Amino acid sequence: MKNSIGTQVILTLFGESHGPMIGAVLDGLAPGIKVDEQFIGRQLSRRRPQGATDTARVEEDRFTIASGVFNGFTTGAPLCILIPNENVRSADYEKTAMLARPSHADYAAHIRYHGFEDWRGGGHFSGRITAAIVAAGAVVIPALEAKGIRIATHILQCGSVSDKEFTDFTTEPDLVNSRVFPVIDNVEQAMTDVILNARAGNDSVGGKVQTAITGLMPGIGEPWFDSLEGVISKAMFAIGGVKGIEFGRGFGFASARGSQANDQLFNDNGCIRTLTNNNGGINGGLSNGMPVLFNLAVKPTPSIAQQQRTVNMETGQDALLELHGRHDPAIIRRICIVVTSLTAIVISDMLALRYGSDWLSSSATHCNR
Amino acid sequence: MKNSIGTQVILTLFGESHGPMIGAVLDGLAPGIKVDEQFIGRQLSRRRPQGATDTARVEEDRFTIASGVFNGFTTGAPLCILIPNENVRSADYEKTAMLARPSHADYAAHIRYHGFEDWRGGGHFSGRITAAIVAAGAVVIPALEAKGIRIATHILQCGSVSDKEFTDFTTEPDLVNSRVFPVIDNVEQAMTDVILNARAGNDSVGGKVQTAITGLMPGIGEPWFDSLEGVISKAMFAIGGVKGIEFGRGFGFASARGSQANDQLFNDNGCIRTLTNNNGGINGGLSNGMPVLFNLAVKPTPSIAQQQRTVNMETGQDALLELHGRHDPAIIRRICIVVTSLTAIVISDMLALRYGSDWLSSSATHCNR
Amino acid sequence: MKNSIGTQVILTLFGESHGPMIGAVLDGLAPGIKVDEQFIGRQLSRRRPQGATDTARVEEDRFTIASGVFNGFTTGAPLCILIPNENVRSADYEKTAMLARPSHADYAAHIRYHGFEDWRGGGHFSGRITAAIVAAGAVVIPALEAKGIRIATHILQCGSVSDKEFTDFTTEPDLVNSRVFPVIDNVEQAMTDVILNARAGNDSVGGKVQTAITGLMPGIGEPWFDSLEGVISKAMFAIGGVKGIEFGRGFGFASARGSQANDQLFNDNGCIRTLTNNNGGINGGLSNGMPVLFNLAVKPTPSIAQQQRTVNMETGQDALLELHGRHDPAIIRRICIVVTSLTAIVISDMLALRYGSDWLSSSATHCNR
Amino acid sequence: MKNSIGTQVILTLFGESHGPMIGAVLDGLAPGIKVDEQFIGRQLSRRRPQGATDTARVEEDRFTIASGVFNGFTTGAPLCILIPNENVRSADYEKTAMLARPSHADYAAHIRYHGFEDWRGGGHFSGRITAAIVAAGAVVIPALEAKGIRIATHILQCGSVSDKEFTDFTTEPDLVNSRVFPVIDNVEQAMTDVILNARAGNDSVGGKVQTAITGLMPGIGEPWFDSLEGVISKAMFAIGGVKGIEFGRGFGFASARGSQANDQLFNDNGCIRTLTNNNGGINGGLSNGMPVLFNLAVKPTPSIAQQQRTVNMETGQDALLELHGRHDPAIIRRICIVVTSLTAIVISDMLALRYGSDWLSSSATHCNR
């Protein structure tokens, strides 16, 4: 499927960093979902660079809905959103176009596409395209929330500074979704310092984000190859910079014993729940009714203003490269809304598979047991 | 796709732990792949329980190739392998059938399948089905090796004991693939002690495995949703007990700076390589010609012989459960060959997409640059 | 997908004419569908050769359900059915193995599979594999009927003899499904004479079948590429010998005017219907609530006992071929149940996409308006 | 997949008749295909209404390539083409919006989309969207032709007037592709009269088109569910008005005998060919190296300016409808280029599956034997 993901609700991405526009087609939506263009705009603004911690390439992200919406509601036909590229400076890239930027896709893409790839600003591999993910996600997020399903992502770690993990699922998702710098605890300043410190050293910094899905009914997902973990992870690795994913206790399981790690069950006033949530809300690939929890490892932005060794991809010769475009010293803040939006889309897909193509807009109610 | 994975080379799984048989259909294979039944048998024996560290349920895994092979070679038609279930003791499960085993799929499956699920030994969720993955993988592994592509998985961590990471890609993959207890360093005894110790305490233990793919050409994978990371991760989360995956430095990136984390490139006698391999051989979702490296977090086997709280799924009432079937105190040894086999299948799929449906059996040679 | 079809309900076929067995995996079934093994047996018997009009290769079609059924109901896990090949005489094919049988797949397969194909009795291309379609269809047909959806196929034309078209949708589908020789009118003897006459001349004969789906709710299907016509047609062309499909008036539209061809609508006691059904129950790719009607063109069996020109596929040299195996002089009778069964599977898929994965077994009721 | 088709080369459609624009995303293209915008323009002009036989709604079809092309060549990233809607008169539809137009998708869509569908001019069901198919097809057609693969479609029948069938595959495809009114024989005037005659009677007329694919290598396609017939037919039924498809002799097989219908093989100066081509170049679902030939039945345009019975979809009440928008009295001329373009896309997909993702732009040559 390459640039598409999903079975019932299908997202297709297109566009390049320095082309005329980027966009997304969202197919298989239930008819009758109210489309709130102001909300789409607000979500896009959460991804937009802001202040000293982000890149200087700021764009308005004026979007156009080209299809699939009529009188303010989804029609059920494919919804295409277009976002023009406005603040493009290709000249930054021209001189060094054939010098592969270390830890970017450049060299692999040059082999894959035989030199025909659009190398300007990373072309189709650019994080710029994630704006289309955010816009598309903003179509389904309100519909999921109307069903009681809420998704939120916060910065769990930035360099050496950590946020606290999600614990209060009633208030923290909303808190995180309301903040420009999405953290739970009072760590914004410390994390900002880490980022500014990296920028001052012509460097960049990595981190970790944590996502919670609350209100998801048990029994969503499939055994084996459409496990909830598998479907979410496939989506998440589409986002540039993501290099790891763990559900619940994740890599912490490696040194645990079963007696500590198992989530025992109990009847919580008629609702079956687990005492702990080490499994991050998923057993056997299916949701179990507890909050779904996963963490992503995000690598430091590869574009740094330091001299690095590389090769000229056309001649094969060794070269030195010092990047002087406009880059984020950390994408860890901006990635949060992308992760939330893409999660919303794949969860919508899983729900439509389970309950049918109309479900996301229907007024049907569900009980877990 | 549920129980199927792949686009050109497609694996479909079926069967239950206590049904008459399990099996796999492998469709889209190139014609002309030599099928070595002795090799399939050897690979299955690597997954089979052995000695005190594994479950007492040992089966011969006598398999039948039902279709797709003629005169010892694949025909290009779907290859179906059947493996009968031989050593089944359903009585172990009957009394407690409606008591959800903590951290197993039982409760989620009961909701998903409305009580119609086969609960005997985990039914279709059982690790037993991974035998079919191993058998199917054994069809493509020799074909990949003939192309210079080698896959190996070792136990990186078991409880508190760690193996060394892959560093010598010429010798270590073969070493690992030749060992019953797949480790690089001299840690078998220490890890065995960890497992026996857990068993003695009626407990189980988790771990971490590391996989290397060597010889993979650069440019394999797709940007966005068919990234090599995404495709591999979706496959890996099908394996019961896997709760995390990281590529290259993975979660270690979170506290790193770009200047430390970037993989600089150089011309290594005409071949473009990177000085380090923090990205685990993948940039922008595409292979870059360096060894592909990933780690999996494996949770402790949930079946333990200790009293645990749970609920009766039919009545919803609280209950206590103490499991007395035959269980592995750790699956970390047996999972290695499953991971290698499933990786081989998805890599075969990616290569067939890239180079065409005949590629895996053709004599065509490839150069990276 | 090659040997698989469907999105929610997915059928995968495997096996060869002269291999040990053939089979099917049916994935994505709702849990809780009652599986009636006697009905499966009866459906298989409708496909089995009978008497002078069919091939002398008769097999018992003793099937085994290898997975996916527990206590007589589907579990929701993939259901695998195996049917052994019993009455195999490969010697019929050995001498002339490299002589491409005219109008069979032999030559195209030889190029596609580079000589590795199993050529015995057509291998994986054999009509024998349709037995697995019938067995799989027999799992979903009763579930569809419980929802009020009925599928029936009759021989519309055999050589120069025609049956009447479906007109009475209350009685004719049941009539057709109850008859060994599925026709509506009193044409069995005339059609049998056509077939026996062809056999006497060492020849074979083609025909046309007509299928009706009654009780299908309006709004099933998708615009453009998952149109009901497109989905059904893709399935039907999987059946060997099918060379054409038309919906409703089909090719008769070519010489019609809009004023004659349009299906005008009216309110039929609260139910919206059309005065005529020229469109065969489908508009814009979606069902419209009227019976879905389609015809298939079936070519004469290519295996005839007359001398034909051909080539030796290995040497490329001209040759003469006279086939003396056991062949059907017409497959038009036996194909009917295959068409019905495969239609049932794809319709089940479309319904599960529309109403969710549980729908086929749920007790939910639907009204059209 | 709904509005997408293909596995390697994937076409996604979006847009509505009266929305701001329509468009297509073509993903999975080989990098390095030269994109000829003038050719795209010319192909679009072949679909555009011209003169008295077509609708009065004429649009310039000024298209924008939004992504996937760099320096005049495909990059391998998804190629998005946008075509604005210019000449829109929604007022034609407003008064009668809730009156289902007979034999249009209106009623089925109203049920499927619960009244949220864009009803203006048929919305997403409009033939207008086929302009995006033509634009996308124009990207791959020159690449196919560079490989020796040529596709052409002519009007085989219009009302009672017939063209001759393809017989000379060297000259007729080019002839047909060069003509505004694509016929082989001297029948343009007679067919035009049929159409004008229908228009004069406030009526419309159906027809039949025939498509040839020449130069296709043998062995393309898959047995069972990705047969060449199945893949082509699924695509063709996406085109509004198509109600039947037949390959080669098609429905003519019904009254034929095997001895007349079989295509015997011979060695034609080193190339294996068949004496006749009754099977339309396909056996067992695979191409056999002969020209692929198929016919489509096209129903009369349902929009006619005569009074027809219908219902009000909101109230369910009987009503009368007389359509007075701008409509084609026949789409048989304009459909030809749509059929050719969509065929080119699915054939490109099949070839990329067979020979790999780069094939369409590579300089590799192929011989059939």
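In this document, chain identifiers A, B, C and D correspond to the written order of the chains, with residue numbering beginning at 1 in each.
Throughout what follows, a contact is a pair of C-beta atoms (placed from the backbone, for glycine too) under 8 Å apart; a residue touches a chain by one contact, two chains touch by 3 or more.
Every value quoted in this text rests on a predicted model; they were computed, and no experiment measured them.
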Far-end chain from chain A, centres as C-alpha averages: C
Selected interface, B-D versus A-D, where C-beta contact pairs are more numerous: A-D
Centre-to-centre distance between chain D and chain C (centres being mean Cα positions), rounded to whole Å: 26
Chain B and chain D, separation of their C-alpha mean positions in angstrom: 45
Distance between chain centroids, defined by C-alpha means - chain A, chain D (Å): 38
Residues of chain B engaged with two or more neighbouring chains: 1-4, 7, 13, 77, 112-113, 124, 223, 358
Complex contacts: residues of chain D adjacent to chain B: 7-8, 77, 223, 353-359
Footprint of chain C on chain B - complex, ascending: 1-4, 10, 12-16, 19-23, 25, 27-28, 31-32, 64, 66-68, 70, 73-80, 82, 112-114, 116-118, 123-124, 358
Interfacial residue positions of chain A with respect to chain B in the complex: 1-5, 7, 13, 100, 102-109, 111-113, 122, 124-125, 129, 157, 159-160, 198, 201, 203-208, 217-227, 229-231, 233-238, 240, 242-259, 261-267, 270, 272, 274-275, 278-280, 282-289, 295, 297-304, 306, 308-311, 313, 316-318, 368-369
